[in-house]
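Across the two complexes that follow, chain A remains constant while its partner is chain B and subsequently chain C.
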Partner chain A sequence: MGFGRREFLGISAGLAAGLALSPASWRLARDLTRQSQDPPWLASLPKGQLLEATTTSLACPGAPGITVLAAQGRPLIVRGNPEHPLSRGALSPAAQAEAYSLYHPRRVAGPLKRNAAGALEPVSWAAALELLTERLKAAGGGVLAVGPAREGTLQNLLAEFMAGFGDGGGPGGSGGYLRMPCEADTARAALALMGGAGQPGYDLDNAPGLVLLGADAFDSMPASVHFRKTWGQKAQEFSCFFGPVHGASAALCQEWLPLASGRESHVALGLAWHLADLGRLGGDAARIPDLREFLALVRQRFGPAEVERETGLPPQALRLVAMQVAQGALAVPGSPAGQGAGLAPMVAGLALSVLAGRVNRSGGVYLTGEAGERAATRASVVGLPERFKEIALGLAQAPEVLLLMETDPAAGLPCTDLAVRAMKKAGFRVAFTSVLNASAKMCDLVLPAPMPLERWDDVETPYGLAFSTYGLARPLVRAGADARHPGDVLLDLSARLGRPLKYSSFRQMLRERVALLEGSGGYVAGRVAPWQVLAGAPQPAPEADLWKALSEGALWVRPEQAPVPALSCGAAFLAKATAPAAIDLSLPLTLALQSTQRTGVPGMGVPLQSLTAIRKDEARGALSVARMNGATARLVRVRQGDTVRLAGPSGRMEALVDLDESVMDGHVALLLGLGQCEGEPGGNAQRLTATTPEPVSGRSTWAACRVSLERI
Partner chain B sequence: MSVTHERAASEIPSGGRFRRGSRELWALCAALGLIAGLAAGWLGYPRLTSVVLTQPIRFSHSAHAKQDVACRTCHFEGPDGTFNGFPDIGVCASCHAEPTGGRSEDEKEADKLVVEYVRGKKAVPWLSLARQPDHVLFDHGPHLRFGCPACHPDMSHQDYPELRQNRVSGYRNWTMSMERCQTCHRQQSASVDCVSCHR
Partner chain C sequence: MSGVVWGMVIDLDRCTGCGVCQSACRLENNIPPQQGGRDSDWISVAREVNGQAFPESDALFLPKPCMHCEHPPCVAACPVGATVKSGQGGIVSQNPARCIGCRACMKACPYGVRRFTWTDPSWPRGMDATLTPFASVRPKGVVEKCTFCAHRLVLGNSGVSGAREQDGTGGFVTACAQACPTGAIEFGEIATLLRGREAFALLAEQGTGPQVHYVTRRAWVRGGK
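On to the complex of A and B.
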């Protein structure tokens, strides 16, 4: 009797039976299932006490108040601050992404310098600043700086820094300070042309109705966070949207009146005709300096028949809208993409408010003063697209040094191919940036900047608000990279160049700015909202310690009801600027650019948290989706899902066709903000755009570009 | 016929049956295997797959309760009732700023807290007893009315509850099972939709 094969089989059978009668197999299956449900890449909940801090969003152009939840110094979630007077708990995608963005995959970890082989390699701050100082000294007046579109102390500092290089921004000069294009600059220029000063703002809070003359008031306009919150509670009020695409702004309005891109001024002037015909001009219309010329212009060229021929809108529809304007509906001019519309639509839209007597009246258009000095007023009179176009075409001298202050013109400017060519001509390119964007990749020196939530900074009156505002953003975490605040770097450079500025640090500059506000007539918004003051409520007393209140996320506001000088209607300008323009028949479609905060403003890229929210009708892989209606698709002989090549006057891109009846005839809608960097979804629609100078003003316009389309 | 063939022939069971001695041995082996299998399944597997975890500081809940330290002194809740994490070291330091120098176990642990964490301003890496997996979202707010022991170990009875973690799944012995959640949710007519608790 020995231990053989049968005995072994006996033991095995017993063992198997024993295991089968025990719960081990079931427990193993259960444990493996649980393990598969909890993969290692799933984010773990942090340990440690959770702390909440309130501040102002720096990433969002609308500057909403945010509450940041952090554990052990790590921000976890950004929420809307319900106590903030502007946003009242609302949040935009850019503000929501502030916590995620701290761990951006393209974040610049430290200063980078381009080596002899052409690659960017790490360099110390000391060496980087020494190199930059040397190049700035050698450049003399040939230094060109490009700043972001938003207003703030950093932009003022950049303007002051550039003033030290002399007036290199004059005609033919290679230097100067320029800003990324934005609707706010266009509105300010329009107001200046009409004899006003400051920035127009729209009192939606007190308006009994709303007429959006192309303005994307509920999405890409900086004040949209506040406007959405306000108008969402006014669903019963009359509201209509004129534009080529039924987008976010049209969705919040009762009526969508399809209007071709570039025809906004025709509608505004057509409404002015109806207003005059109804005899409903404002009580102070007699004060308008060019009233007679303006009325003569609209009667001669913008009668119902002419406007119907130009826009396709029936006169009855316009008459109904004009009656609403006469009853107090607020007209907001603009462009659906928030850029590139030129002065004419803005002047025509503002003229309608002037004619209806709605300027500086509750529920009307307010001319907001400045919370301090505006960088925009110090920017070069020549716009950035025009200057880059001239440099690219060899019509202007390229700068010796190009400073990019937290901007990405290579991705965010219209006609990006020309912008890239212009940048390549610069002798030495420097980027102050927190992420390696398309422009920074082209630079010779990259200086990392702290992200929002890591730095002190301020935000001023988002365009669209009817009152001046000022908010502070404070650092809640230590910088996750070897970054220095661009403001401190500029102050350091000034000292190295031998012309030190009077501030010891950027934070001190902010403190002085806040100290100036204390005596300038505003207050910290709390129980009494600024629009209530505009409606007649008494203004509360100023805050005792403004710095403390602002650094904790409060908002300084200054509603202004001061009488303004009588504005003109810009009749002389409009007579020339609205002359019929030639149409390139080889390009059969009009490009309807759409800008939404979900996909980021041009030059910013898609906010990290929105990457998973890109819909199939917006982008698929690296291809953008070109939306058009069925009639347009039949006209250009394409079908749903076709891959097409869109070609503009100076650029082309491929896209997928998506049939969408929310786009009007003859238009192809493309979303801006996509494809700004390698690996991001979609293609950059700015490549298709081409700038054309507006008659009289000479400003670049690109809101109604023509494109051709062919199936591939 | 060779010797080998003779031996092989003698071991072949007649009529398809094993010889008596061989059958008993086989049964014995099978019985041993069965016992080993049962022991491995019932006793070995749980021991093999679980690891006993020890808190970095042997924190005595009862010692604190006796000194009228309320639960909420250390276990915070957010403004909306959400769980607010473990106490910051500053909370511990508000009472344990200096070592006691005592010799009792509790005093030694208190001194360890001061020396290793309070003075170094280092957060104590507390281990969560009822840690839920990362795909579970548990909001404390709606559950507070049922009392902490409804889900957590009752610290009035267990001062130092044993903490074990499954090596395979990562679950702990105090981790609530989905069945338990579902049972309670059904009793309270609360939602049992997946998205109510899972992400």
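On to the complex of A and C.
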């Protein structure tokens, strides 16, 4: 029997009919289509109902309100809460990272102890606490604790815990409680020097104009999320930024007036001269205790010619700015890096507001009281950079036990190499942390802390706000690690040391704190915003159940319009602190450090989903980018793309040169917050900084460090 | 909402280059943290300078999403219909399941806002638990781009869409516009957004009719585009 055309067609038709009728072929086609469209090796998307919960961001220093979307009990994404009075839906990268940071690659899964071989190995909580108790008992007063810069109940608890070890923070003592440096502490110290109390805040909401005297109000300043939201709607108002680099804060201002790092006091006092010359002192200027001395100082040393010589700014430009200040523009002092500038620029900037009669007035500077006890007031008067420097150089005794409370001094302090040396000298190092950062890697004991969406905690008045605030962060998910709240651990340790504190848990502490707020004159911000109260609107009644409201993401606020004692202008201090300082001519460039919320918060590293927001003119691979303008590059004989070595008085780093005309002459701009952990982009620019004591106040300053640069 | 054309107006004088729009977009649309160092953001923020030496220099930040053009050259270039001009408010959609990765659309787009997935997406261990249900995970070898968060349009005012009261029935807002701290990015019906404003479009001479417009007081920016 032959196999002809007819048979072939018959079999083919049969096969085709069989395939068409068989479910197997259709199933195969469907599976192939599904695989091509949704390959099984790709991550699958969550299913189920989406739920929303509101709370306050703990990770972001600006404490914005957040909405967390969750499915199957897992937080998926953090969005801004449009109902929150401060942020009104806006966010920062640190707040956005709260959901995915629960799975941080460097997350500490459980307590770790350094073994005899020098490696960190897992240990039980019971064994870890027993060991720590023994070391604390043996250390006596030689216990030094380092707390984070932000305020909150945890910091108060740490201060109270450390008080039990006696005054080890006094001269010559090796113990005590210290905080990471921040601009808020500088501002409070400046205010105290001028005869005030509390924390200065700036009422941008009601200000008809804005003069940023170096202050990074629209990026690294804690209140910047609120400030950006506010000033973004007021872009037509007069605004100018004094600073060495045209960055984020300059971008939102109408004018950038280039000003060398470290010359902020000269501009503020120069503006004061023009204000006096215009005859536009505030109506209550006569109440200023040192008015005569202050005016004599500015007339003698900060006239237009002197200020032009020191800053290069033409007198006409300053005159125009002074006229704006006279008409109500708000002057905000500070430093582009958010710290390290010393007291003088802050005192000079605040004195300008005092002179213009803008203190505790709508659109001016407010002295915010405390939402409760403030840990900063209990911190050692000697700053952390000074103490670590003394320990590193052998001028002070190293502590027996060093407690690091959710901080990373090995990466975040100026003069990083000295900080690391100081830490190595401590007898026993303990880190309370949720991720294994540079400092935790050096510790003998690492105690894991819950991440923001896993814990109760509170946030107080971000520096810069003109009113007191208090918000609660609540847990929305169980801890993904064997973590315990550092507050509960401190309470446990207190009991083990035989001096128990009066609280049963950290949550109870928070409840008592909130109960105290109920009778302290504030209200929950809702329809009436706190800045409207500052502008004269009647203050709403207090909330009936404050705990419930706050734990659902509401914000307690207290706008204060109480009269304050007449502030001085700090004339005696400024006369000495602004005297010409020595300059090291062997280091030809001035470091213009920039700080941004894109690099996250110290100790956590750059948020993973913000890595691509680090631009190529800020870091490339493991190298930071050193930005300078063409004239400066010619001066130091480097070109675009050169790899260079920058050297400061106590440290050095390599960087790539990027020519950028947004940086003023004689300056090299570097972004802070990079290279703090292995595998992160860029290098840690803090290594280049060196601290010098400010005249009179003795505080460490590192804002305008000099560096040299050579091509390699 | 028939006849509505969605678009954006970006105020360049209000952008501080904070990058929050970028990370909000990445989180909303399941863009993995890094893709071999190549551009993966659906919205980029570039720094633009006026080319003058200090002290005459000036700079600003320019956020650039897909322009959702009225006459999108990418749509004409796509051989398989993976990218189409949608009837839903003029949004230029992108279907990665249909995309064959020929990259003709990337070549055709004058704005350089389309991204090719060079590798399969990967997240650090466990982090894929935070993927959202709003955008499929794209495999390697396809082109992706900004969708104006079209999933929010589908979800409507259901709470999770991010829509505000003022967006009205059927209104929505993109993730980048919602997160922007200064309000530099405004999203909505483009005709309403442009009313009374002197806006300009990038590469207007190309005739693609972009639905993303910019405003600025700086003459050098307007002159250069």
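Points worth noting:
Here, the second predicted complex is superposed on the first by the 665 of 712 C-alpha atoms of A that agree within 3 Å, B and C clash if a C-alpha of one lies under 4 Å from a C-alpha of the other, contacts with A are read in each partner's own complex, and residues count from 1 in each chain.
Quick note on the criterion: contacts are C-beta pairs under 8 Å (C-beta built on N, C-alpha and C of every residue); 3 or more make two chains touch, one makes a residue touch a chain.
Since we're looking at a predicted model, the values are computed, not measured.
By the touch criterion stated above, A:G232 is placed in contact with chain C alone, chain B being left untouched.
Once the two complexes are laid over each other on the shared chain, residue contacts for A:R429 go to neither chain B nor chain C.
Once chain A of one complex is fitted onto chain A of the other, the partner contacts of A:G18 are limited to chain B, with no touch recorded for chain C. In the superposed model, A:L50 lies in contact with both chain B and chain C.
In the superposition on chain A, contact of A:L42 is made with both chain B and chain C. Of the two partner chains, both chain B and chain C are touched by A:A71. One of chain B and chain C touches more residues of chain A, and that partner is C. In the superposition on chain A, contact is made by A:L32 with chain B only, not with chain C.
Common to the chain B and chain C interfaces on chain A are residues 37-38, 42-47, 50, 52, 71.
Of all residues in chain C, those touching chain A in their complex are 11, 13-20, 22-24, 26-28, 30-31, 33-34, 39-41, 45, 47, 49, 52-55, 57-61, 97, 120-121, 123-133, 136-137, 139, 159-160, 162, 164, 175, 178-184. Residue ranges of chain A in contact with chain C, taken from their complex: 36-39, 41-47, 50, 52, 69, 71, 74-80, 82, 87, 89-93, 96-97, 99-100, 102-105, 218-219, 224-225, 228-229, 231-233, 235, 246, 248-249, 251-252, 258, 480, 596-598, 607-613, 615, 617, 629-631, 660-665.
Interface residues of chain B, counted against chain A in their complex, comprise 18, 21-22, 25-42, 44-46, 49, 76, 78-79, 82, 84-88, 91, 123, 125-126, 128, 133-135, 166, 168-171.
Note for the complex: chain A touches chain B at residues 1, 3, 6-8, 10-25, 27-28, 30-32, 34-35, 37-38, 42-50, 52, 71-72.
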